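We just call them A, B and C in the order they show up, numbering each chain from 1.
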Amino acid sequence: MARMKTNPGNFFEDFTVGQVIDHATPRTVTEGDRALYGAIYPTRFAVPSSAEFAASVGLADQERGHPVEELVGFHVAFGKTVPDVSLNAVANLGYAECRFHVPVVPGDTLRTRSEVIGLKENSNGRTGVVWVRSTATNQRGEVAIDWARWVMVHKRSTESPAPTTVVPDLAPAVEAADLVVPAGLDFSSYDDVAAGSPHRLGDYEVGERIDHVDGVTLTDAEHMMATRLWQNTAKVHFTTDARPDGRRLVYGGHVISLARALSFNGLANAQLVAAINAGAHVAPAFADDTVHAWSEVLDTATLEAPGVGALRLRLVATRGRDESMTLRSEDGTYADGVLLDLDYWALIPR
Amino acid sequence: MARMKTNPGNFFEDFTVGQVIDHATPRTVTEGDRALYGAIYPTRFAVPSSAEFAASVGLADQERGHPVEELVGFHVAFGKTVPDVSLNAVANLGYAECRFHVPVVPGDTLRTRSEVIGLKENSNGRTGVVWVRSTATNQRGEVAIDWARWVMVHKRSTESPAPTTVVPDLAPAVEAADLVVPAGLDFSSYDDVAAGSPHRLGDYEVGERIDHVDGVTLTDAEHMMATRLWQNTAKVHFTTDARPDGRRLVYGGHVISLARALSFNGLANAQLVAAINAGAHVAPAFADDTVHAWSEVLDTATLEAPGVGALRLRLVATRGRDESMTLRSEDGTYADGVLLDLDYWALIPR
Amino acid sequence: MARMKTNPGNFFEDFTVGQVIDHATPRTVTEGDRALYGAIYPTRFAVPSSAEFAASVGLADQERGHPVEELVGFHVAFGKTVPDVSLNAVANLGYAECRFHVPVVPGDTLRTRSEVIGLKENSNGRTGVVWVRSTATNQRGEVAIDWARWVMVHKRSTESPAPTTVVPDLAPAVEAADLVVPAGLDFSSYDDVAAGSPHRLGDYEVGERIDHVDGVTLTDAEHMMATRLWQNTAKVHFTTDARPDGRRLVYGGHVISLARALSFNGLANAQLVAAINAGAHVAPAFADDTVHAWSEVLDTATLEAPGVGALRLRLVATRGRDESMTLRSEDGTYADGVLLDLDYWALIPR
């Protein structure tokens, strides 16, 4: 009976298409989160760094302060889904259609709801793939972030019958026209000097690759603190007794935030993450790995908001610095050392 | 003369029954403390996590925000007493009659005053036991927390005469009727889904034990950061040159907070710590220890506040996971691996 | 072309006397910074610790809160200069004439501007010394901190001609009469008990040395988190692949803050840093070094503000505890184990 009170997580059999899950627990974002994010990731983007700069581009709210990094909201919202969706996951297979709507500012309380949008049992009969669409809303009921994600989950029993296969139709990327520009955003009087770079939308060419030069060697204390901030409590991140090799697996989102922060050096004006089109955690990361990053410009777009453009970027994190910026090996698999392959849209001044 | 300006701490001879000590330094609790607490401990209790949830149970103050974890206040208040009470302590022997009164919210400034309520020299003539009752008040002079504690302290000289022995009469546990329920607390419209568990007071049976499953492997960086937050500067926690084995001793309160946070998985609705009846730091903890926890239900009570009940819990932290949840060995001593044995009351919806 | 978008830093040839550099990126200081500072450094000074205490000495602003440690402002302001001034530095040679003007409180946004005030090529033709005077202002345009600093920087090419040598005339120390006392500061009703020490200006004698007793063993996680907070992204602090020995060099300012915090034990009433006269990072520090500190009283002064005096202190940080408090070896070089030799003014009640 005691065991029944702890969360065993859901198994493949527990999911049905159309099922809606309200995730515990709502969480209020504060200036403390902003400070910790800046202590754990080498971020310098001017909007989250400076209330004054944020106000100069129309994003500061006198009462409520200025936006935190979009990824703070993403990690908080995502963390809520773990106990219900991926506690028994074998692997996080992908993300799609992630869009950032109303900016998250200190004082906002986020809650997350997920709907199961797809199921497919694997031929081995032991696991299945679950697709969910999750939506994070603030205390005013406004959508802050929504995204689709699919994970491979263990079945409770190989005896259980397979459900009808439903594979959702997910866009390979969010269309530029579908990007949400935060209300009030105005880059027409953008201060390049304060932001740290003169390079705007027109300075980036599709196909261009940028080596972000800087790097960070991971420590267990830092990735655990970051992962706890998001209330993501998956055991593999926190204990040396959860894996045969005795190592603590770094939360994939930690590598995303680290790579995004490193990308400041070369993409300082790619101020706001507007959408995540796709993401693959190619290899696990562990303490003592030194993470570097490079980006490739995949697309550019001009948006309607004053002075606002968008860059579609491939952000690649690697173990050790790869100055050759090689994504693929000759055999078509990922090059050795690639940890993360993320496809996202960022808002940048034209 | 130079040495005279640094704090040598008090020795057994420096204490007299009835003596009152006002501890330095007052400290203002902020949202930064809440965020750091959440980064260092895997806590997910909905009241401190969400201003919105706290308001739904009557605990959010529009101006001043919502309560931080009760243990944040406890550690801050306790830390103040260390330089005066336990800098020369051989051992922390116990706690009793700890009650949480007015909740601590960001912006509150806590100061702590202690009164010596007992003294007993040990037969060896080298040490003695000092009992103090400490009270933490906020900037409005309201009592936030009070508790009794006793420690074994070195004598300055074996020559000093023994004081008259005074052993205070301390209750084995706070009576349910004496628990303080925060003003305005109302669990009658409690949201189980947001809180993360359907299990309320009536679902727990006296004698029931709950294995909290999750664990955390300790790091020096994290326990030092936590301990500094509380301005507890006892050398043994921070330097490798303070102990023969070169290890930094983890502050006992760190294990308490870690175990309490781990207990969310099985006790998610045990929202507020109302009292600490007793506590024993059975064995020291160090970096690389993997801490797990289990709880035993000792008692249950129905309180007058709307929808509010109380669970008296034994919270046991262990080095490594003890699925057998064994507190005692056959010889009556603590089972191997037990780090902490804490007896406390938590408020939970009926 | 990709590389051109990342910051290569400036080389000796890029500096000209009179040149003004506006540094990216402005940064808003918050309560989160205060909490992290207190988690990373064992500070207990009453003014930054307690809004109530700060108000009692005239420094709390109802709307804007109470001052953070002066060194929080210094590190934030200093960090901004690194990408432009010292990314290609061989060595940080010194500081001078650093004065703290308007206190920094949560909500303040700091930006830093530097002017090149001196240049001197070294005889080797490969490096040169650059002197800059930097000024940090808040969002109201008030000067928060200003200081002079000189660094040895690589030349891009040994072929480049040497510039005219200009060596600025910098004061060996800020005169007591030039110290800035924060508006409203009044120590006339100073609470020694709350502050943690009865020792005031008159209790300190010139030449007196104080061993601060306590110590801290460094960890990579903590010094990296601190250094990131200041948005100082110099690679050597963060990666094991930047130095042949694979060690992460601890940011010099980390040792300054650590030593200043340790000095509380003996200098608890030296509440506010008013000026930094000079500073030498004598030896590099690394994780696992145990840092201790001692101070020497260099001068004392009585200022006009009510109850306010000043202590000029030499703050010395050492690897391992040096109870002999030896600064120089017999051969006149620094004694073995000395990490930092800092000369500063602190405000203390008379």
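In this text, a contact is a pair of C-beta atoms (placed from the backbone, for glycine too) under 8 Å apart; a residue touches a chain by one contact, two chains touch by 3 or more.
Just so you know, these numbers come straight off a predicted model, no measurement behind them.
Asks: Do chain A and chain C face each other with the same patch, meaning over half of the contact numbers show up on both, or with different patches?
Replies: Under half shared, hence different.
Asks: Working from the CA atoms, figure out how many degrees chain B turns to land on chain C, in steps of 5.
Replies: 120
Asks: How many Å are there between the centre of chain A and the centre of chain C, using C-alpha atoms for each centre?
Replies: Distance between chain centres, rounded to whole Å: 36 Å.
Asks: Could you tell me which residues belong to chain B and also touch two or more other chains?
Replies: Answer for chain B, listing residues that touch two or more other chains: 30-33, 35-36, 219-222.
Asks: Can you tell me which positions in chain C touch chain B when the two form their complex?
Replies: 30-36, 38-42, 44-46, 49-53, 66, 193-197, 199, 203, 208-217, 219-222, 265-268, 288, 290, 320-321
Asks: Along chain C, where are the residues that touch chain A in the complex?
Replies: Those in contact with chain A are residues 1-3, 5-7, 22, 24-28, 30-33, 35-36, 83, 106-107, 109, 111, 139, 219-222, 224-226, 228-229, 231, 233, 235, 238-242, 248.
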